[in-house]
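Here's the structure, in structure tokens; my notes come after.
Chain naming follows the written order as A, B, C and D, and within any one chain the residues start at number 1.
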Amino acid sequence: MRSPIGPYLASIVDEIRPEDSGELADYIPELADADPEPFGIALSMLDGQVYTAGDAERPFTIQSSAKAFTYALAIRERGLTKVLAHVGVEPSGDAFNAISVDERGRPANPMINAGAIGTFALVPGDTVEEKFDAVQRFLSDCAGHDLDIDEGAYTSELSTAYRNRGIANMLRASGGLAAEPDIAVEGYIRQGALRVCAKDLALMGATLASGGVQPVTGKRVLDDETAGHVLSVMTTCGMYDAAGDWVSSVGIPAKSGVGGGIVGASPGRLGIATFSPRLDVHGNSVRGVAAFERLSRDLSLHLMRIPETGHLALREAISVDYISNDYGTAAMYRLQGIIDFVAAESVVRRMTSDQIDHRYVVVELTDVAEIKLVALQMIAAVMAGFAHEGRQVYLIDPARLYGPDDLQRFDIADKVTQVDNFEQGEAIGREREAAEAGD
Amino acid sequence: MRSPIGPYLASIVDEIRPEDSGELADYIPELADADPEPFGIALSMLDGQVYTAGDAERPFTIQSSAKAFTYALAIRERGLTKVLAHVGVEPSGDAFNAISVDERGRPANPMINAGAIGTFALVPGDTVEEKFDAVQRFLSDCAGHDLDIDEGAYTSELSTAYRNRGIANMLRASGGLAAEPDIAVEGYIRQGALRVCAKDLALMGATLASGGVQPVTGKRVLDDETAGHVLSVMTTCGMYDAAGDWVSSVGIPAKSGVGGGIVGASPGRLGIATFSPRLDVHGNSVRGVAAFERLSRDLSLHLMRIPETGHLALREAISVDYISNDYGTAAMYRLQGIIDFVAAESVVRRMTSDQIDHRYVVVELTDVAEIKLVALQMIAAVMAGFAHEGRQVYLIDPARLYGPDDLQRFDIADKVTQVDNFEQGEAIGREREAAEAGD
Amino acid sequence: MRSPIGPYLASIVDEIRPEDSGELADYIPELADADPEPFGIALSMLDGQVYTAGDAERPFTIQSSAKAFTYALAIRERGLTKVLAHVGVEPSGDAFNAISVDERGRPANPMINAGAIGTFALVPGDTVEEKFDAVQRFLSDCAGHDLDIDEGAYTSELSTAYRNRGIANMLRASGGLAAEPDIAVEGYIRQGALRVCAKDLALMGATLASGGVQPVTGKRVLDDETAGHVLSVMTTCGMYDAAGDWVSSVGIPAKSGVGGGIVGASPGRLGIATFSPRLDVHGNSVRGVAAFERLSRDLSLHLMRIPETGHLALREAISVDYISNDYGTAAMYRLQGIIDFVAAESVVRRMTSDQIDHRYVVVELTDVAEIKLVALQMIAAVMAGFAHEGRQVYLIDPARLYGPDDLQRFDIADKVTQVDNFEQGEAIGREREAAEAGD
Amino acid sequence: MRSPIGPYLASIVDEIRPEDSGELADYIPELADADPEPFGIALSMLDGQVYTAGDAERPFTIQSSAKAFTYALAIRERGLTKVLAHVGVEPSGDAFNAISVDERGRPANPMINAGAIGTFALVPGDTVEEKFDAVQRFLSDCAGHDLDIDEGAYTSELSTAYRNRGIANMLRASGGLAAEPDIAVEGYIRQGALRVCAKDLALMGATLASGGVQPVTGKRVLDDETAGHVLSVMTTCGMYDAAGDWVSSVGIPAKSGVGGGIVGASPGRLGIATFSPRLDVHGNSVRGVAAFERLSRDLSLHLMRIPETGHLALREAISVDYISNDYGTAAMYRLQGIIDFVAAESVVRRMTSDQIDHRYVVVELTDVAEIKLVALQMIAAVMAGFAHEGRQVYLIDPARLYGPDDLQRFDIADKVTQVDNFEQGEAIGREREAAEAGD
């Protein structure tokens, strides 16, 4: 049977397509001659499943959408500290081509041209070729296949790149550019001429949304922290001087490009991309913005509309017979899903507030998919407390979410009995009963 | 037994307390004389459970942290469109006391003084008293008890409020202020003199984080959309000219005040507040920033580090005997937790890719806590598809997550049999079998 | 017979009057309702002779043209150093109502509103009344008669003075305003409501042009240095953000007002004023600017077109029989006009380059109207040189342009014989001859 | 005998030389290594007489002082309208290396780097060489001898000219630069490397002060109007962001250079130059500024301290016997010096206010050195008036200051008898008497 998601996307394309306001980017001759009509949408789930509608496989130049990825590469290769020394992270309130240098001589952020040129300069390599090769490889890794370059667009933009040359020279003059201006500008323009389609961009967005793992190839191209940092900067600076409006109305970290693309990344959820060449006054694709607004609302993807999940952590908190009726009963806590701080809080609150006079306390993690360090620590503290009260604490943890190190550092190795399943716990308990009875 | 969360917060207070850099706000005489030493932290879960450490119940003036709430009130009372006509939502890149008026004559955003004065002017009422009463009532509603005013701080600040008077008059001159400057300034300063403690602020933050419901009183003070909008603006503009850095390093919507407080709201999770009077150059509490960074990291509260939950949606997808062995088997899909788009996508993908030749398809929502509209629609589409193939589709939906309207608009009222439990489904199936057999 | 100057001015009025572009100042209700048609021109010579054409005696409010005079008063009463501590002298490049505060917190210059408010605050007095009385008296002294106030204009502007109140409060906040904002704003607006006519303004301009002496009353209201300083600031800052264009195309220090007046002062020459209410985008009277351009060109009043006068200093340099043929001949230098540095240079160059073997050297100052200190010194040095060569040096100086002190400090009291006229010199020479002959 | 001017300048050098504050320009390697000690002053009278003191013939690079002259050249070759389309004339309030582009995309003025680069681009020629040759020729013409280039300084500055390249590219991007950025920057830097000494600069200044005639060679390199325009712009923009302070305290149009030179031009009087490499924070030579302040004060060169000359215009206004006692007496007006508007006003006022019942009116221009058009017109009008009253009007005008065209256009050819001298007038009168008597 066919998934309803494709038809849903197709219906959005149909509804938004009649919107024909906006203008082609006019400052790059090649872009000014582009076909203004194509419109495509692509979603990429974090396991690589991609849904598309419209012209989602039509190639276009990535332009400024590349900035987010080159920024990620620069951090990966040079470290965040080094990159922050050259490029800030503050929204500037200015247009994409403003210089917007802060009091330290840094471009305000890596999403405006000044900051993106400064970022490119930080990419390893001494020549345009070396630096660009690194960028091309990285973006290809994010897309999951080799991206090629639109030489016509590159040449066209390079011939009129006065403003970017101006910016680069100004940055170099103020000491903030880590390469010769010509190298930085040529490479920066070259990276913008890389050819992608909406599907590529959606996968690239999913790579960021997943914390740095390309969904199809499974290759980790970034660590989680860097991916999160890049998403943060996309949130506040990705949509130029319309960033605040974007966060309010869409609430998905994103980066637009004057080629007509927008790449979005809903953290922990999916990647999104749109393509439609006509731009609004901020330089953002008109239909792309409309599609993102629609998708954010329909799919509840807004960063500020995160559903409350904490109360789902505890599947069951029950009192069970344990080690046969003869010996005693147990308070049993069965956890499920992802146990973050909020989930753990609900669990430990219940555990610490229950009036427990059972001999046994059992915490079962069998259905837990993921557990945060803070949650391990909180639950360990409570288990230690029960042990201190003289109760037997059994931790049913077949996946060993508590590793040996965790047991040591939370000081529960001697206080809690880690078992694979209920039966194993019962067997141990029975032995212990017997031993005690034998005393 | 005692919860480990209080001790955890206490340990943070102990670790950060030695940090004594920063200066008291010096432009308000009363603040300049404050005791610089207190330091408190409070967390409020969305059900009203509060954890505190240090001087979390020590009163201080709310100052700029009030801006987020007055903004919420203005939107509630006047509507977002009206408010946006007077105050923008873009980060300005400027300091809190800059005028930062955009090309439409609006203050850049409601979190800088200019925008907050403009926001206060929009609160219903003709006099300072009327407007202020509305603000005081609303903030008290968010805190869950009546907040009083520090008259000394009010008088003190009012006597030197030249800059704010300057801003208000400039705004009035450019047509952007909806009240007389003196009314707006006096009310704005009066709202900043409301007395809160960190615990109050944490509850106020939780009110925003929960989508507008005060956690203790259960009173809905805002609709979900307004709460989300306010959080969005706090994200991009709440920490003055350090907003980008804050999003990168903390990633929790927040608003600081020069009285030393910071209120944060982790959407769908919890409210956080800190109090320590010494401020950094941006006007943000030094220890407060440190505590937020620590809490964000320890508790994984960063907006960009949302755990992937989609794959947890499907508890079981099994093939079961249905209506006895004689008649047929069923493909049974048991969903759980919160079903958002990503969760629904994983469910429908599985449903549409399975090779199903069963006579019955059963979707069970018994363990579903919440389901988004988009998910209802997607799953309805798949169920309709199975019905179209001639299969019997049973929806075990005891909570009626699909209401009668949903069945109609998704056009499945005639295609899907909604039942309360497995047994009811079997009974219906058996009747139907009998009827068919009787044909 | 009638002077041709009146008709000349009348012809300019006739030619320019059809120009009806521009708009009435709209931000002050009273001004917006003014009759836009009047047009008048007045010239005041430095001896009080006034020529007018058109509506030169029609009253209007002085508005910003008052700024130059209040600035002069503030300097006279407080000293330039004190005034410079509060208000700068740099053109800001901004519009008249910009705040334009420099890095020291001072308004850029006294001709923009911010600087004029700051200037008014410096006028002696503790209340609006005291300060305003001083201003009214001073401007009346410059006009030569008592100026009264247009209470309607005052009340009208005060009711909408948000922007100026904004500016004053901002200045007070940054520490740069020497009075309470309300006092400064009310007094500033009140001074702008003083009623003048073009003839008044021309006389006020002439007061500055003459170095501080009111042409009709002869009252010295400013010292020469202060008048020069005020003219300097009018030159660079008087015409708001069109200052550079004004200097290029008109080249006369001037100050416009939104009431339609422009006051100009051609240093050492005359005062000029125009009145016509329609304003250009810079806030300057359209016809007034046209008239000033025309007058500057026709009358060669541009500051950069100063005629060369130096070579006219020496009326005659002749060799004459002196003290009868028997005794000897003299080199005689007859100076005339105003002897400034350039004139003195031409004189001393001639004197030092002539091959002089005469026994007598005579310098005659009878026709000299004025001689600068530097010229006294230069000519003294040359006379001393001739005395050193053993020649008799006679200084015919009936007006005692060289005072007794000058003779001492230039060390020529013993070397040069100062006489009233040629005959007295001859008599002395004859005695001296006789005495020498008698030796 | 020796002129006292040289020693006077030497005394200034001695007094100011101990001042050793300020720093060498550090952004050009070659300048940073210069000897900081030299100090020279030069004055050039408008007839080519030059006075110097200190290191006035020591060569240095002209740097920004060239801007004024290249601007003059661009206007001469392209016309003011064309130049104004690319470069404004408003002081920017910004530092010399700010971009300061106005709302029309033009650099604010030609004295900041942006404007000077824009100006160089306007110089005729397609290549750096062609354009630079034109500049080098023109500056050499102003100096009166061939200026050569400091290739080391050129190469040095070119290698670090990032900021200027940045500016040029930005200008090109906004459409305001009339040449390729590299051509404009290289030529601009090359012009700054031209080698001059203080004496050269003084002569160059005198060329502007004289209205465009090189004082020594006598070559007219600019028309009077262009020279006046350049001086206007030097007045408001020549000293960077200290322009207002310079006009107040010095009041001489000037242009500094980071090589340590300052060129000044006192219109109608003289050229001045100083050289001393240590610079203040504005980039102006510390000792140079001190010397200019001293010279302005000592020599009364301030633009706002122009002596009143008008009352000197009338040498004699007497009643004389004319054409013998038998026939009648004459009112005789003998003018002298330069007759500008103010002078003419004093003359015509006297003529029109005298109670004249003489048969003859005689105006004698023999001692008039120069007479402005407006004065010719005013005096013609009065003479016509006397003729209209039936009096005989004789114009003694041996130099034919009234040309035949003037007599026509002022309509006095038939009304006034133009003669060479008194005797000729008498002869004509006598003939006329005889003729009338013969009637």
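Points to keep in mind about this one:
The working rule: a contact is a pair of C-beta atoms (placed from the backbone, for glycine too) under 8 Å apart; a residue touches a chain by one contact, two chains touch by 3 or more.
According to UniProt, the chain labels map to these proteins: A, B, C, D = Glutaminase.
What you are looking at is a predicted structure, and each value in this text was computed from that prediction instead of being measured.
Common neighbours of chain A (Glutaminase) and chain D (Glutaminase): there are none. In terms of their C-alpha centroids, the spacing between chain B (Glutaminase) and chain C (Glutaminase) amounts to 67 Å.
Centre-to-centre separation between chain C (Glutaminase) and chain D (Glutaminase), using Cα means, comes to 20 Å.
Mean C-alpha position of chain A (Glutaminase) lies 70 Å from that of chain C (Glutaminase). Residue positions of chain A (Glutaminase) touching 2 or more other chains: there are none.
Judged by the touch criterion defined above, the protein chains form a single closed ring in which each chain touches exactly two others.
Contacting chain pairs in the structure are A-B, A-D, B-C, C-D.
Those residues of chain B (Glutaminase) that touch chain A (Glutaminase) in the shared complex are 1-5, 7-8, 45-47, 49, 88-94, 100, 108-109, 210-211, 224, 227-229, 231-233, 235-237, 241-245, 247-248, 251, 253, 267-270, 298-312, 336-338, 340-342, 345-346, 348-349, 351-352, 369-370, 372-374, 377-378, 381-382, 385-386, 389.
Within the complex formed with chain A (Glutaminase), the residues of chain D (Glutaminase) that make contact are 162-174, 181.
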